[in-house]
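The letters A, B, C and D name the chains in turn, as written, and every chain counts its residues from 1.
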Amino acid sequence: MAFAERMLKIDRRIIFLVIGLCTLLPLLYPVGLPIKISPEVRSVYDYMESLPERSVFLLSIDFDPASKPELHPQAIALLRHAFRKDLRVVAMTLWVSGTGMADQLLTQVAKEMGKENGKDYVFLGWSPGGTAVIINMGQDLYTAFPSDYGGKPTKGIPVLEGVHSLKDVAYAISLGAGNPGVEAWYVFGKDKYKFELGGGCTGVIAPGLYPLLRSGQINGLIGGLRGAAEYESLIGQKGRAVAGMDAQSATHAAIIVLVAICNIFYFSLRSMARG
Amino acid sequence: MIFLRRQLPLLITMITGLLFAGQYYVPHPASELLLTSATKWLQIIGGFALVLGVTSLFHQHAAKIRRKEAGWGYSLVLYAGMLVTIAVGIWASGKESIDGAMTLFGWIYSFMMVPLQGTMFAILAFYIASAAYRSFRARSREAAVLLIAAVIVMMGRVPLGEYLVPLSGDVSQWILNVLNASVRRAILIGVSLGAIALSFKIIFGVERSYLGGSKE
Amino acid sequence: MDATVLGAWVATGLTLFIFSFLYKDNPLFKLAEHLYVGVSVGYTIVKAYDTVIVHLIIKPIFEQGQISLLIPVAIGLLMLTRYMPKAAWMSRYAFAFIVGLGSGLAIPRTISSFILKQVEDTVRPLLSQAGEGVTFSMSLLNPASNLNAIIILIGVSSVLFYFFFSIEHSGPGKVVARTGIVFLMIAFGAAFGYTVMARMSLLIGRLTDLIEFSDASYGHPTLWLLIVTVAALVLLARRRQQEPPAAP
Amino acid sequence: MSILKKTSSCVLPLLKHSTYYDSGSRSLRPCVRTRTLLNILWIHVWVLLSLLPGTFSIVFAQSTLTVPSDLQAMDTPNDGGESLTVLWAPSPLDGPDGRYQVLFGEASATDPTALKVIAEFPANTRYVKEAKSAWWTRKVERTWHQYVIRNGKGIEMKNGTAYTVTVAMRKGEEQAIGPLIQATPSPDWFNWNQFNNLILALGFGGLVFYTISHAKRNNIFLRRIPGLDAVDEAIGRATELGKPILYLTGAHDMSDPSTIAAAVILGRVAKRTAAYETELMVPHRDPITMAVCQEITKQAYLEAGKPDLFKEDSNFFITADQFSYTAAVDGIMLRKRPAANFFMGSYFAESLLLTETGASTGAIQIAGTDSDHQLPFFVTTCDYTLIGEELYAASAYLSKEPVQIGTLRGQDIGKAVILTVVMVGTVLATIAVATGAQWPQLFLDLFRDLK
């Protein structure tokens, strides 16, 4: 058996170990390489900056724990920014298994920034129906969510004063891990009810959202952990995403090296077979 | 009977389909009211649909336990996990936290569901690495193009890549914003045409597989 | 023991059980996997009950007298007849309603968002106005430049052409289709890179949690449970060796 | 399309209760109602007075300002009501230092001082061309000014109630107030801005049904899908090596089109394996799909003239669970070492686990999926991949079912139309920029998303 062939047949658990170490070591011993800001993340940040105080900011947390590592840091960075700008935050989720996480992260950031439930923010919770919820909120927010997460009637909550439907939202961001997510918020929400929409998403679906970004259907896009790291650097509060960037660098380097080795062996085997 | 079983459902589909396709073009408050109530209804029906999805799982594992098939013990674990979650969930009236204090339901969510679901997908990272070494080969010219683009994007999206090859950031940005966006746009248009054709076929009863039991 | 500390132990243990699949499929993984399905199904049921039954049905009907909501409840109940062989056909009404509504809502909105909007953005002048005259902007980095408008135009048209099935890909068509496939592969490459990034992020997230839970304040659960998991795997492997091999 | 324009400008005002008052130069439209004739009279007197400098107190000093000319106020067309639109002609004084004010009040207000300023903006902003509108609903030139008054921020309008509106020009301390005009907001029954959307929907829907019925009567050409040649080759090689073939139908059930396509292609594969007498293995994740595929396989063996070779257990159910299924199939690949693996239908995260194991056993691998998130992995780990719609096309090609073929044909025509629009549109848009011509807009507007 040729060397290349033998090398290709090594136990894959060795590769597992390599990738595990590439992740673990930079997390334990961070280097802190600088992060460049991409225009699509910056436009989300700039739009948030341009909003006047007490504007209504809707954050739809459309992911479940499976995408937590990517989207949770995005949500935290966005909430910190919104609270710092003193926006009125309305949070919700279209993904049932994301409810607990959304509640937790909202409470945590609000506590950290000294914000009060009902006065500065409200968590509407989850409602089934996906796109139907979006349409219904566009028509009348109070029929879509008769009560907030805590069971309080939404009518009369101070933070929702003057808010009847999605038309009264100044900026909405959907942090989506799939469907319903950013696309649904455009098709069933922004398209008709005319609020500005931004998107945050996992790396897997980010490339698919670029046509919407190009055509201005969403005004910005935060993609994956990298996007979260960019946003964390923009607001100057580094968190989990920035901390993970070194590990991300190391694993990408590892994958690139592995792909290169794979192809070197592949081509050497092929030329041997021909020769 | 055939009318009730076959024609009437098709008629319902056609009427609701046409009604709500037409609704889009009518800005009058009456039409908006129709949309509001229908979506409100959909929200409620959506809840029942969830139950439907869950029921089939219920049946499957119940059968496994009844017949004592191989691995029925795991099905028992599944049941236990589900029943305990339901019990504590109803006890906490469906809230993970009440006034900031974590309930038992919230505990199960944070310390069982979140790590389990997160890890299920994290193991894929290892498989990508192993596949990168063993099977991501440039078997054809097309696959070679794919791999080169992938390597550029992987470099351009992490600080190390941008540090080593400063150009990689801009190039990957261009690939995503221009090349990728154009392809995705073409795919989006193609898929949308397919979706519209399917919707029309459903509304006019040409496509009926959603009714189940296509043989009847 | 504090609830959070206990939680840290449980979370760490379950995480390691799932990771043990990397070594090989084993009972610990199967246990965690089934527990995962059970817990998430239970969670969904509780949420559906609380949100739908309590807040969307019972409260509005009994407290506000919205009797009309009984209609969707009836439709929803019809859906559940699917599991009763004799009455299963009644579930068709529910599906007919949902699918009809969904299709109706989709048609105009898909045309608006995914066809007109996308066509509108692809149709761009290949020259741009600069002061009095017209110029051709060459910047690759500005996605709105004329050069990029041409590239996007070529990409969109060639990929659309590639998915033509009623024309043979021969002659000039072959060139266009080949261009389409190159564009497709580049986009798949970008998706590939992004997916790698996403999966690695998930791993980073899980390991960050494990590192957090290896802290002394929790009593080093990561360390202890790692030892337990490995020991269990070794034990299981031993027992399997002693058993006769199962028939394939 | 000119008919379209006519209907939109004439029928629409009839549908609603809006009233147009042109302040002089433009003649009254034929559809204007006469019920508020008195008001018009009054306004005309008022306009005359206000135009005489110094005679009316509102115009300050010896003004260089002119009142906004050709002012029109009306119910906002094509909307759900509770909104008014004000239009007025551009003025030579429009510049960044001048400002326009929109004044609004109850119908009873007869004096500009009773009106409230609800908006103020630089005089070189708020043009008709900035608002997205199409030529078939536009009533005035694109260079005119336009302001839409909506409910909210201290404005509370009710449908069917008249309100008084006007526009004033302001420059420093000077102010020139236009004539007071009454208008009544009302809801509309059709949004003419979306007329192109409706036409496209009806056109494409009609096209699909036409092509389906056409396909039922005629033979429609579909190009051969190259992936299908690869399928035959792979089966041939498996036969040479005397090894089995593994075929997967994906994660979804029979209600998913991709699974149906996978089942159709299975029919073809089974026919070949029957002819070559090669072993076929089809592990399933869904019991109903398994039952359907069993029938398909049986039929294929019958058609190949080898019904005795058909084995009931070549289709078998493993489990519905994603990772357990994957582990089991990986096990089969390692033990039985099939010479060809087929992955058709819909796949999720398990795709890589499957194809990687398959690649390591040296099998020829052919995939076909519409799960675009998994396509990159299939392309790099498989020898041939049917991408997205190619899967459906392959299935239509094999099944020869008119509905499938007709739909495919309809979509093809749809794509051709879009391709043409994009090409022609780009040329016209370029001409418009190069020559400054307006007429290309007549075509371009037809394919814009308007609300």
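To be clear about the criterion, contacts are C-beta pairs under 8 Å (C-beta built on N, C-alpha and C of every residue); 3 or more make two chains touch, one makes a residue touch a chain.
Small disclaimer: the values here were computed from a predicted structure and weren't measured.
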(request) Write down the pair of chains with the top C-beta contact pair count. (result) B-C
(message) If you average the CA coordinates per chain, which chain's centre is most distant from that of subunit A?
(response) D
(request) Starting from the mean Cα coordinates of subunit A and subunit C, work out the distance between those two points in Å. (result) 13
(request) Please report how many Å separate the Cα centroid of subunit A from that of subunit B, as a whole number. (result) 16
(request) Measure off the straight-line distance from the CA centroid of subunit A to the CA centroid of subunit D, and report it in whole Å. (result) 25
(request) Indicate the residues of subunit B shared as contacts by at least two other chains. (result) 21, 24-25, 32, 38, 40, 42-47, 49-50, 57, 93, 95, 109-110, 113-115, 117-118, 120-122, 124-126, 128, 130, 134-137, 142-143, 146-147, 150-151, 154, 157-158, 173, 176-177, 180-182, 184-185, 187-191, 193, 196, 198, 200, 210, 212
(request) Going through subunit C residue by residue, note those that touch at least 2 other chains and give them in order. (result) 21-22, 30, 33, 37, 40, 43-44, 47-48, 51-52, 56, 105, 107-115, 117-122, 143, 152-153, 156-157, 160, 163, 184-185, 187-192, 194-197, 200, 202-203, 205-206
(message) Touching at least two other chains at once: which residues of subunit D meet that condition?
(response) 194, 197-198, 201, 205, 323, 360, 372-373, 376-377, 379-380, 388-389, 415, 418
(message) Help me check something: in the complex, which residues belonging to subunit B touch subunit C?
(response) 4-5, 8-10, 12-25, 37-38, 40-52, 54-55, 57, 59, 71, 74-75, 77-86, 89-90, 93-95, 102, 105, 107-126, 128, 142-143, 145-154, 157-158, 170, 172-193, 195-196, 198-200, 202-203, 210-213
(message) List the residues on subunit D that touch subunit A in their complex, please.
(response) 152, 360, 372-373, 451
(message) Could you list, by residue number, the parts of subunit D that touch subunit C in their complex?
(response) 194, 196-198, 200-201, 205, 220-223, 225, 321, 323-324, 327, 335, 372-373, 375-377, 379-380, 387-390, 393, 396, 408-409, 412, 415-416, 418-419, 421-423, 425-426, 429-430, 432-434, 444, 447-449
(request) Spell out the residues on subunit C that touch subunit A in their complex, using ranges where they run on. (result) 22-23, 40, 43-44, 47-48, 51-52, 55-56, 59-60, 105, 109-110, 112-114, 117-118, 120-121, 143, 152, 187, 190-191, 194-198, 200-208, 211
(message) Which stretch or stretches of subunit C touch subunit B in the complex?
(response) 3, 6-8, 10-12, 14-15, 18-19, 21-22, 30-54, 56-57, 68-69, 71-73, 75-77, 79-80, 82-83, 88-89, 91-111, 114-115, 118-119, 121-122, 140-141, 143, 148, 151-160, 163, 181-197, 199-200, 202-203, 205-206, 209
